[in-house]
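Consider the two complexes below, in which chain A is the common component and chain B and chain C are the respective partners.
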Partner chain A sequence: MTKTTLLHPTRRGLLMAGGAGLLTAALPGHVGAQAAPIKIGFQLHRTGIGASYGRWYERTAQAALKAINDGGGIAGRPVEILFEDDATDPKRGSEVVDKLTQSDGCDVVMGTLFSHVVIGSAPRAAELKVPYLVCSEGYHVASGMLNRWTLQPGITDVRSQIQAMAPWIAANLGKKVTMVFPDFAFGHDHRDFFTAKMAEMGGEVIAQIAIPPTETSFTRYFPQIPAETEVLYHVMVGPAVLTFVKELGEFYGTGAKPQIFGFIDSLEAVDTATPGLEFLEGTHFWEAHNRVKPADAGEHEAAYRAAVGVDDNGASVSDAADVSTYSHMFSTWETLFFLKQAMEASGYSGPTDRQKLVEAMEAISDLPYGVERPQGAKVFNGKTHQVFGTQNISQVQGGKLVRVHQTTMEDGAYADAVDYTTMSF
Partner chain B sequence: MIFVLAVLEGEGWLEKGEFLTVLFGLIAKVAPLWLEITGPRARLMRGWPGTQVLQMAPLTPSAVVFVSLALAVLTFDGLMETFWWQALIGQNPLEPVGRSAVMVQNTVGLVAVWVTTLGLILGAILLGRRVGGGFATGPVMLSFLAIAAGYHAAHYLVMLLTAGQYTIAALNDPLFTGESWLGLPPFYVSFGFLTDPRMMPLIYAAQFAAILGAHLLAVVLGLKLAGQSRRAVAHLPLTVLMVGYTVLGLWLLSTARSG
Partner chain C sequence: MKVWTLHLGLIVVLFAAQFWLSPYHSTNLARIMVLAVFAMGYNLAFGYTGLLSLGHALFFAAGMYGAGLPAQLWGVTAGPALILGILAGGGMAAAVGLLALRTAGVSFMIVTLMFAQAGYLAILYFAAVTGGDEGFTLPAAARSIAGLDLSSDTPRFLAALTLFAVGLLVSLALVRSPFGRSMVAIRENEERSRMLGLNPFTVKLVALVLSGLYAGAAGAAYGILFGYAGASFATIQYSILPMLYVLLGGAGTILGPFLGAALMFALIEVASGVTSAYLFLVGAALVALVLFAPRGILGTIRERWAKWLP
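Up next, the complex of A and B:
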């Protein structure tokens, strides 16, 4: 007699299971065959270094998708998003753009955060002539490094963010700044853009302390901080951030210390009330979108938080310890609404209208505050393919980030470095 | 492919040719519960972890190599995320270039770890045999099944707790129609426990217990499976290797990692 268990199936059993699988696979096609939807390919960092961002990007995009479909879709057509993992890998990213466009028939591709994946994928998007809307903050779009098909309409770039901080820091925290940053491109952007803008504001960066990225302890670097430092500007990122803050606290102890300013990138998805971060009390952070709902938040803030499932502290409604990447994830929401606006303006009907769609995006300028843009009003620069907006400075008070200042659009403005509209498609 | 080969090759193929079936079939031998199937009857058995291992036939040379690969894969999967490895292959752990760019380095690393693992295990067994007799490779190698099981549990615990949520969500609503096949209410995949200072020590403790428990079990099994030795010192090489391996496993779980 033949043994028949899960590990010892018969041929007939296998054939039947396979047949059932084929039937199941045929089901979705039948269910979704009512209308021709607009298909948006989402290049998602579901695994790899960007996974914690990717999870919130997906959740926010899903919420925006629901809001758009509940409101009648795009030009009356339903909208679908196809999420595809790129493993935060540029080579895989390029393949994902290819797959979403060629195999899955997506109308556009969007959603990429990490710069190296954007830079690795954008050339393929241009070859395929598919609009590629990134949510990355990188200056690589506005610097002219990419192409006509790549746009960043949902989030300001890091150059704009950094320089928008300088006027307030010089006026309120101090003019003599020491910078502590990781010694690679991300840190160098901060070093270069902030140092230049600070000089313009009458301040001075008196020391630049570059820390090797593989460093896991920082105590030996702190003696390099000049005693006359008024402001310590730090942008450490990665697994060692908690150690950095803890050791900084041990270095200064309870004695006099400079004002401290950081970028929330250091602590995205991390609770500021985490034990070990007590030293951050009273220090300041840049935030694109205030994690803790400000008392004077805009009228659409509550609806946005409810749609994404985030509470007033910026954590998941189902888990107070699950802190979101609040200063970045709004970009997926705003990008989807930007896409809706451009598709409707251009009368987009299918992939043959892709060029027309990019031209319609380039023609968009004023983007007022509304449910489409919960982070705030923005201005899109069609020439540089980059959106501009306002930034926030928050102070840690009682373990929570409390907004103390909002920059103006002008604080983050800089001269155009490129005019993509003069380039061919 | 598995399906096609199973149809073509018949019932026995999965057990011999499908690596996951082989791997989990071997690891499952450590379980305290198992089914004994004789004819149409299935009996649920229970016993101390490793009871089944003691009743197994000695591992064949190819199974010895396979078990060492299973161990090496887990070790390297942990190792490749460490800052130590990233520094070795000249990568910035805060600005990783992605998996594709390091495929060659990581493949070489994996093979090197495999060769090292196999070499050290066989070396320790051989040394034990030289010193005191006994220590046949096939039987002694069975004790490493306990380590493979413990490493699996420790290594994939966090993945089970995170990716497992996606699996439940997908099973609950496999066609994305908003239905609830498992009868679960809509829920968000939640990773807050990863930054919870009360939860993380518990997770680390569970991983610690899995690795330490597995090694202790392996030592006990090793003692029983090594056969008659003239001198107790024959166990020293394998014991030293086990202690070193335990330390390595715990270091991998606790060191600075990316990804």
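Up next, the complex of A and C:
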């Protein structure tokens, strides 16, 4: 009997090992590559002014990732997300795009919310020729300010949102409007687009009250609201939103007040039943995605809420006081499914296919309602790199936001300001 | 000779680094070199002249917008834009200095902070021109110099290195000159300097203007090399950063600002890879520095082992 060891193999053993080696070598190279995960870099506002949004963006993206991987991944490949904090700062944001792309080897970068971080990071994404999918709702993409590599496929931009609101406000709440908004670009978009649309509807913005971003108390601004105001339009972002709405309530007390219409940004991550906010009863809000599950919600709403870990009131299932940023966070979910669709359509196999991937995204148009798009059906405009969907108007009833109107996509339509497809890569 | 060898040697090493660093690290080194120029400027005011300013973000932003706005509005190319940015930084420092240098110590710190905050709010107020908080991306024409595309890796690295090398050597020559010694004399004892015939106000104003020129150059270069100008660069965070770089590397040392900028960058890079609470680690490292090496790294080395370090 011949004794074999690793050091003294038999001739048959050697032949089998050699054959197996040859077979492995003969396999097409891309078999190994296909098994490798697709890496998605996520530029996350974990710290800084956008932290409350970032927390929910991360949870929603994780939930979408699980749904995609449970469904077989993208083109059969598993998907990974690498989260990197950008401190809600454009300088760090640009560095994060660099790190995710060059150091971590991500195929695409996504997830940015705050406009200044998007605008500060987009040039670096273009230099690296990496698709950069933002979840910002800023008008910066559709305005033509950015580049061929930057797209916003998961959330309607603020210009379209505002345009869709104005006709309903003029018809239902009043025509003399006073606006209170933050004195920076996001607020200026509201000021400019709403004022123009209101004039078109036969209404008038009679006062524009801009609040400096460094402000932490707002009481001295409220006396500037003209007495003849029929509608008070407010939008505020950042850590001071709760102070803002509370002080607005203190200003009006229990006395007469105009109709109040706000963008939910003023109350994102804030419970409408918070003591001091009782005055909001009967007032209206724009919502992209209804925080409180509507009675006639679509068939995929429940599954989406369960996946993300949000209850029917829009708060975390594990902590009712942890209210989500429900009107924005769906954008990360929908962006991931948009990416899956484009990658599969383009036959994406790796970073060398990035240009092909952008072209495939630009070719996408109709995005029907489904588990991929729980907020609603959308249309993607490949020329402007911007997606458009329906919007909602809710009223606070019994301390909860109840949907009273849903716009059509046509309500938010405007002429294209750019055709990115004519630009070079 | 030893001093010049060290500093020229560093420039040679940095030049060579582009050949062995990955594109990612090479781009980060370009960022560090530009930020080090900002910190070198801060060091001239704080480290050598004793002017503890909390307003340098204003000078940095003046450079960034001084270069970026002409590029955006009138199509000015990178070379002239850079010069305009440097002049804007120096001009802003002169204007602030003429008023703020009537104060000293904590008052100077507060007055410079207020000027910087006013500058930040002015950028937001004139959003129609400046782009407000969102800022704007610089056009391609403004990112090219002598036919070199500064948005690509190698030209960007070389441009950052050139700016850094000029800043470093001018800084070295300056602090070894009679004027540099006047700066240090005023830092050490202003009254005695006055008795020796120096005019402290003039020396401090010139030092602050030089500091502003450096900050303006860094701001302009950052905008041009990385393609973006925005109001966030005018926030107080960008007044504190050069101070931290200088304190970490060693206030009143020529190489301290570069060392501090590089270490801080590396610290954030490494810590963010270890934990999502990376800012806690950065904070802990800075507290440890204050406790165990209050003069900064090079300051401590100079004190203990290498007294010849400038």
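By definition in this document, the second predicted complex is superposed on the first by the 387 of 425 C-alpha atoms of A that agree within 3 Å, B and C clash if a C-alpha of one lies under 4 Å from a C-alpha of the other, contacts with A are read in each partner's own complex, and residues count from 1 in each chain.
Operating definition for what follows: a residue touches a chain if its C-beta (ideal position, glycine included) is under 8 Å from a C-beta of that chain, and two chains touch if they have at least 3 such contacts.
Just so it is clear, the structure is predicted and the values come from calculations on it, not from any experiment.
Colleague: If you stack the two complexes on chain A, which partner ends up touching A:E281: first (chain B), second (chain C), both, or neither?
Modeller: It touches nothing on chain B or chain C.
Colleague: Output check: A:D312 vs chain B and chain C. Expected answer is one of first, second, both, neither. What do you get?
Modeller: Neither chain B nor chain C is touched by A:D312.
Colleague: Name the contact category of A:D322: first (chain B only), second (chain C only), both, or neither.
Modeller: After superposition on chain A, A:D322 lies in contact with chain B alone.
Colleague: Applying the document's definition of touch, where does A:V270 land relative to chain B and chain C: first, second, both, or neither?
Modeller: After superposition on chain A, A:V270 lies in contact with chain B alone.
Colleague: Where does A:D89 make contact in the superposed view: on chain B (first), on chain C (second), on both, or on neither?
Modeller: both
Colleague: Quick one: is A:A240 in contact with chain B, with chain C, with both, or with neither? Answer first, second, both or neither.
Modeller: In the superposed model, A:A240 contacts chain B only, not chain C.
Colleague: In the superposed model, does chain B or chain C contact more residues of chain A?
Modeller: The larger set of chain A residues in touch belongs to B.
Colleague: With the two complexes superposed on chain A, say which partner A:P213 touches: chain B (first), chain C (second), both, or neither.
Modeller: both
Colleague: With both complexes overlaid on chain A, does A:D353 touch chain B (first), chain C (second), both or neither?
Modeller: Neither partner.
Colleague: Does any part of chain A touch chain B in one structure and chain C in the other, and if so which residues?
Modeller: Dual-contact residues (chain A): 87, 89-91, 116, 120, 184-186, 213-214.
Colleague: So in the complex, the part of chain C that touches chain A is made up of which residues?
Modeller: Checking each residue of chain C against chain A gives 22-24, 27-28, 31, 117, 121, 124-125, 127, 131-138, 151-152, 226-228, 230-233, 237, 269, 272, 276, 278-279.
Colleague: Can you tell me which positions in chain A touch chain B when the two form their complex?
Modeller: 1-3, 5, 7-11, 14-15, 18, 27-28, 31, 48-49, 52, 55, 59, 87-93, 116-117, 120, 182, 184-186, 213-214, 216, 237-240, 269-271, 274-276, 309, 315-323
Colleague: Please output the residues of chain A touching chain C within their complex, sorted ascending.
Modeller: Answer in residue numbers: 46-47, 83-85, 87, 89-91, 94-95, 98-99, 102-103, 115-116, 119-120, 122-124, 127, 138, 140, 145-146, 183-186, 188, 212-214.
Colleague: Which residues of chain B touch chain A once you look at their complex with the stated criterion?
Modeller: Listed in rising order, the residues of chain B that touch chain A are 3, 6-7, 10-11, 14-15, 21, 25, 35, 37, 39-40, 42, 83, 86-87, 92-101, 175-177, 187-193, 195-197, 256-259.
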